[in-house]
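Take a look at these structures.
In the two complexes below, subunit A is the common chain; its partner is subunit B in one and subunit C in the other.
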Partner chain A sequence: MAETSATARAAGAARAPREGWRRALRREATPWAMVAPVVLLVGTGVLFPLAYIVLLGSESYSPYLGPQREWVGLANYARVLGDAAFWNALVASVIWVVGSVVPQFLLGLGMALVLNETFRGRGLVRTIVLAPWAVSGVVTGFIWLWLFDGTIGVVNDLLVRMQVVDAPVAWGIESGTTWLMVFVANAWRGAPFFAIVILAALQAIDPALYEAASMDGATRWQRFRHVTLPMILNAVVISTLLRALWTFNFIDLLWTMTRGGPAGATTTLPIYIFDVIYQKGEFGYGAALSVVLCLILIAFSAAYWQLNRLTRMP
Partner chain B sequence: MSATRRVALDRALTIGLPVAFFLVFTLFPIYWLVNSSLKPAAELFTFPPKYWPDAPTLANYGKALFGTRLGALYLNSIAVATLTCVGLFALIVFAGYAMARFRFRGRTIVLLLFLLGQVLPHVVMLIPAFTLLKSAGLLDTRAALVLVYIVILLPFSVMTMRGFYQSIPPDLEEAAMIDGCSRIGALFRVVLPAAMPGLVATTIYGFINAWNELIFAVILIASPKLQTLPVGLMSMSDEMRTEYGLMLATAVLALIPSLALFAYIQRYMTSGLAAGAVKG
Partner chain C sequence: MAALVRAQRRAVLRGLAAAAALPVVGSRPAAAQGPARITFGWPFASGAPGIEELAKRFSEERKSIQVEVQVIPQAQVIPRLTTAFTGGQAPDCMGMSDAWLTQFAGGGWLENLEGMVRSSGIEKEIVPASMGIARMHKGQAHYIGYLVEPYAVYYNRKLFAEAGLPAPPRDVDEWRAHALKLTDRARNRFGYYVLGGSGWQFQQWTTWMMNHGGPGVANTFFDAQGKCVLAGPRHVQGLEKWLALYQQDKVSPPASATAGFQDQTNAFNANQLGMVMGWGGYLTVLAQGIGEENLGTALPPAGPAGQFFYFAGNGFAINAASKQKEASWEFIRFMLRPENNARFNQQYGAIPAVQAAWTADWLKAPKYAAPLEMLRSTPKLLYNPRNLPGYASFQNQFCPEQIQKALLGKQSAQEHATAVVTALNEMRAKA
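== the complex of A and B ==
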């Protein structure tokens, strides 16, 4: 298309320059008029924040205290590197992402494989199983805090009845049980995401492939391993990356359930930034932390992509 | 064992068992929330807990609806989410169409911008949004939230609408244009009716997200009377730490619209909405 427009422009230029220019304008005007408001809004919403945090990252600015702003160079970034809370937050972020995405993926894969089969009531089962996706992080946190309550919670009752534990567990008092609790809650809400994406990929597989595999005498596992898996691999790779990035930035559920505690153990990087901005009102330092967060996400995405490319080499 | 019985057993193990597990895993927490919300205070704090309330009561719901500011929070959330939808709807009808049907100069850059918009962390946008809206005099207004929600939902919504438009054959509008329709006339009379289910699903997706959003609502809204439901839920849980029954009823009431709307758009999830499902 770029080529044809270039030829058209050249032809126009040869005949009457103004006519070609006008025709080009008319061709471009309709789509641009249609996207311009959106480009303006999204452009402002994306480019302004990026530019602003880079600029503010080199300033000392606490609007709660007063309007004065001071240029401090790289001091904020030096502070990040020496900030023990930052490094703790980074570790918490890794635990949060891995502990969330792995069970979500496994459950979601299981859901998708089952929901792709035909059985009576499948439509209803699908609606029910995927529904937690629509529940907010805050309400999910609420529900699971109540289930995991240390004194009157039903999870403890069930565990004691099934003799998994001897006495009720004091969930959320120390970091181990806190992580376990939020991982279960997040798996409940997040598994449907993977189920939806993988189900979409499964439905795109040509049934003839399975027929051919069955005719060749492939077992159920072989069909999964050599037909299903290769066909959904792209969807899995991309959705896992996106889910990891999204989970990294997802505050609502964790904040509702733990407020970053106990003793900062579940304060992930975004929660720490939120804390620096909202509780302490340190906008300059918060901006520097935001820049560092963006760099970490870019580095992670690049590494993931590279790893994916390398492991797929024949 | 006969072959049919073996097949039946096989299906029970590979389909029935996992289906039962997923149903229990999904439904039990919601059942437990509803069950607890129907208990009077005396039953709420017994251990072991009762799996069915002895004396179910709607008292908690009555108190939540009429004894707290939950009603106001509900209206705020409905207003913000609805206005977000209206804005999104008006914008994505055209932008999605342009991205699906035209090859114009700068299209690749626009696509990149949308991609960036989908992966940019919201926590990074907090300070800039706060500053920008403050200088516009919009801080602590519902309009600020509507504006921010439209901006953060647009990239996903436009790309999803683009997918829905692309699934409609272009012959439709070409035929209409040969019959003398203008491009816009063809869009409204021919394409839009066919794209409407997808458009509605995308808009409802936006509603659910606006309904659920927490962190911008915390940062941009200071007045308790302007709070949205998620923020109100969090601060109410701090204010009324001992009123468990009330909070549980409130959580049920916050849950209902999300689930009802999800049930409606669910069938689009694996077709159109999954294609651009970047946001959880």
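== the complex of A and C ==
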């Protein structure tokens, strides 16, 4: 009897490895079959275009001259490094990102702190304050272009009436005033994003923490500095990174308002790439520029995360 | 229990597989023969209602061909059409500017219409200047014109009367004098719009250059050796005079240095400008803005080397990959019937490209006198190198940046002329 049981167990154990992988396969196959369509879609929609762009960057191709393509290897990428217009556009992009994201964050933080308070009509104020987020970049650009118009704009009219200036300002003819114009427009558009994210983080803070801080004699500023800021830091870091990446790639508002002018002063990297591709018709070089842009943003994101991690280490 | 779960799982998988197979097995056979459907792309800011009306009337008249109009925003026409052509999604036929013709024909995307033009005999109906434009790419017609237009002067008669000016200026010195008299900065009024942004600023400053230095061979931009003439001392002198209108005389709104064609239009329609320069569409747009009775037209000013005019034209082109070329050509022929061409241009365009329409009464209105005179002045017509590959980019992207630098004092007139000449010589060498 014991021998029969042992034999049976040994026979069972011998069968177990063979049946194990079949069972494992059946167990794994179904979920993979369920997600396969999505994996295929994402792979096709993301990986294929990426690979195509990298390949296109290795070709000399201008569709305006016909369908012929010529393999040039890394020549387009090498050309990027020696292209003065690329470096100028990169500097313009940095100015654009820093000048846009900082005021957006500060405005958004202020809006979130106000909206976090309880007051009458808060719901309506929230809707109004967050409305610009729903407006597209092109429409935003046209609105602010009209407001800043050098001849018939409302901003100039107000400034002249308030005697801040003697004559209407031609905002778009100097790089300084042009940047100011687009920063204001972009701050109006982007601040609600920070307001939404930070407001959500604020509302997740346990009120008991503020009570405890008050009981310990903390001032309003100390409560903000030692309770509020640490608790919303994660949200700030993530939203700032996202906003910086999006702003770097934005072309709609800037193109609408300045077309990269005056005299190329606000030609950011995406605008430069757009010009290279659709105005000059150099699809291959434009693709190489796009790949370099992508690498720059990946490096920036990695550096940002690392810096964030290091500054938060005890 | 496990067996039940397995059975349910198999049922689900069978169901998914069946659903995935449906589009393959459930596809219907090809639709029965119905009317031919063609798509017509309209890429201009104005005129869409007129085109839609023509499409509707054509579809009603010719039940066997149905036309669907697709409006393409003009500001995005090059990226949109480029993407459409490369992706095989471009319309069957479309409106086409002479500024883009070489760019799209060079890509092999536009049908060579020589055969259709010859067999239909339409050439004798079309203004010769328009057929010249149509054949700019390799001497073959890649579009058939529906309008021609000169780059003329448009002025506000009311502001002229207020300033005591009886007539528009005839030469560049009178131009400056008129502009100064019309300028009153305290009232936000300016004599002339020195355009530096996007939209045909090139034609303004080169008018001054050409009427000081003269054109090249056969009124082109190139001399007998094939070199661009624009950097000559007299050409640069002409450019300096034009720049001075903005920099020293300040007869233009300060914002004009980077503003676009639409800004110029808005300022003129707001009665802030005495004179502007523009294309034939202004005959309608500006008349609507300041009133027909207040709009005057004139020839561009003469200079020491003479008087020269730009002319252009829009046309209709057929997608080389279209499967409905014959149907598209029929629609184009319909739109170019004299009565249809005249009506469309009267409402939205400029001067009809169909010569039979030139006898229409509406063309006898005073505002058409100067444009018609310019189009008839063949020896004075300038031939800018629209046929060179890359010209669209040169005029739309390269030139605004350069002229803005010149207007804003970041480069001299000579440096600007040199940059332009270098670019044009390079384009010609590559062609």
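The rule we apply is simple: the second predicted complex is superposed on the first by the 274 of 314 C-alpha atoms of A that agree within 3 Å, B and C clash if a C-alpha of one lies under 4 Å from a C-alpha of the other, contacts with A are read in each partner's own complex, and residues count from 1 in each chain.
By our rule, contacts are C-beta pairs under 8 Å (C-beta built on N, C-alpha and C of every residue); 3 or more make two chains touch, one makes a residue touch a chain.
Model, not experiment: these values are computed from the prediction.
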Fit or clash - subunit C, subunit B, common subunit A: clash
Partner chain(s) touched by A:30 [first = subunit B, second = subunit C, both, neither]: both
Subunit B or subunit C, by number of subunit A residues touched: B
Partner chain in contact with A:92 - subunit B first, subunit C second, else both or neither: neither
First (subunit B), second (subunit C), both or neither touched by A:227: neither
Partner chain(s) touched by A:278 [first = subunit B, second = subunit C, both, neither]: both
Touched partner set for A:170, first subunit B, second subunit C, both or neither: second
First, second, both or neither for A:150, with subunit B first and subunit C second: second
Contacts of A:294 with subunit B and subunit C, given as first, second, both or neither: first
Shared subunit A surface residues [contacts with subunit B and with subunit C]: 30, 33, 151-152, 168, 274, 277-278
Residues of subunit C defined as touching subunit A within the complex: 6, 9, 13, 16, 78-79, 82, 85-86, 103-104, 106-108, 185, 188, 197-198, 253-260, 263, 266-267, 270, 272, 389-390, 392-393, 396-397, 400-401, 404-405, 408, 410
Touch list for subunit A against partner subunit B, complex: 1, 5, 27-28, 30-35, 37-39, 41-46, 48-50, 52-53, 56, 107, 110-111, 114, 117, 119, 125-139, 142-144, 146-147, 151-154, 157, 160-161, 168, 188, 190, 193, 196-197, 199-200, 203, 220, 239, 242-243, 245-252, 255-256, 270, 273-274, 277-278, 283, 286-287, 290, 293-294, 297
Interfacial residue positions of subunit A with respect to subunit C in the complex: 26, 30, 33, 63-67, 149-152, 167-168, 170-174, 178, 258-264, 274-275, 277-281
Residues of subunit B touching subunit A in the complex: 11, 14-15, 18-19, 22-23, 25-27, 29-30, 32-33, 36, 44-49, 91-92, 94-95, 97-99, 101-107, 110, 113-114, 116-117, 119-129, 131-132, 148, 150-152, 154-155, 158, 183, 208, 211-212, 214-215, 218-219, 230, 233-234, 237, 244, 247-248, 251, 254-255, 258-259, 261-263, 266, 269-271, 273-275, 277-280
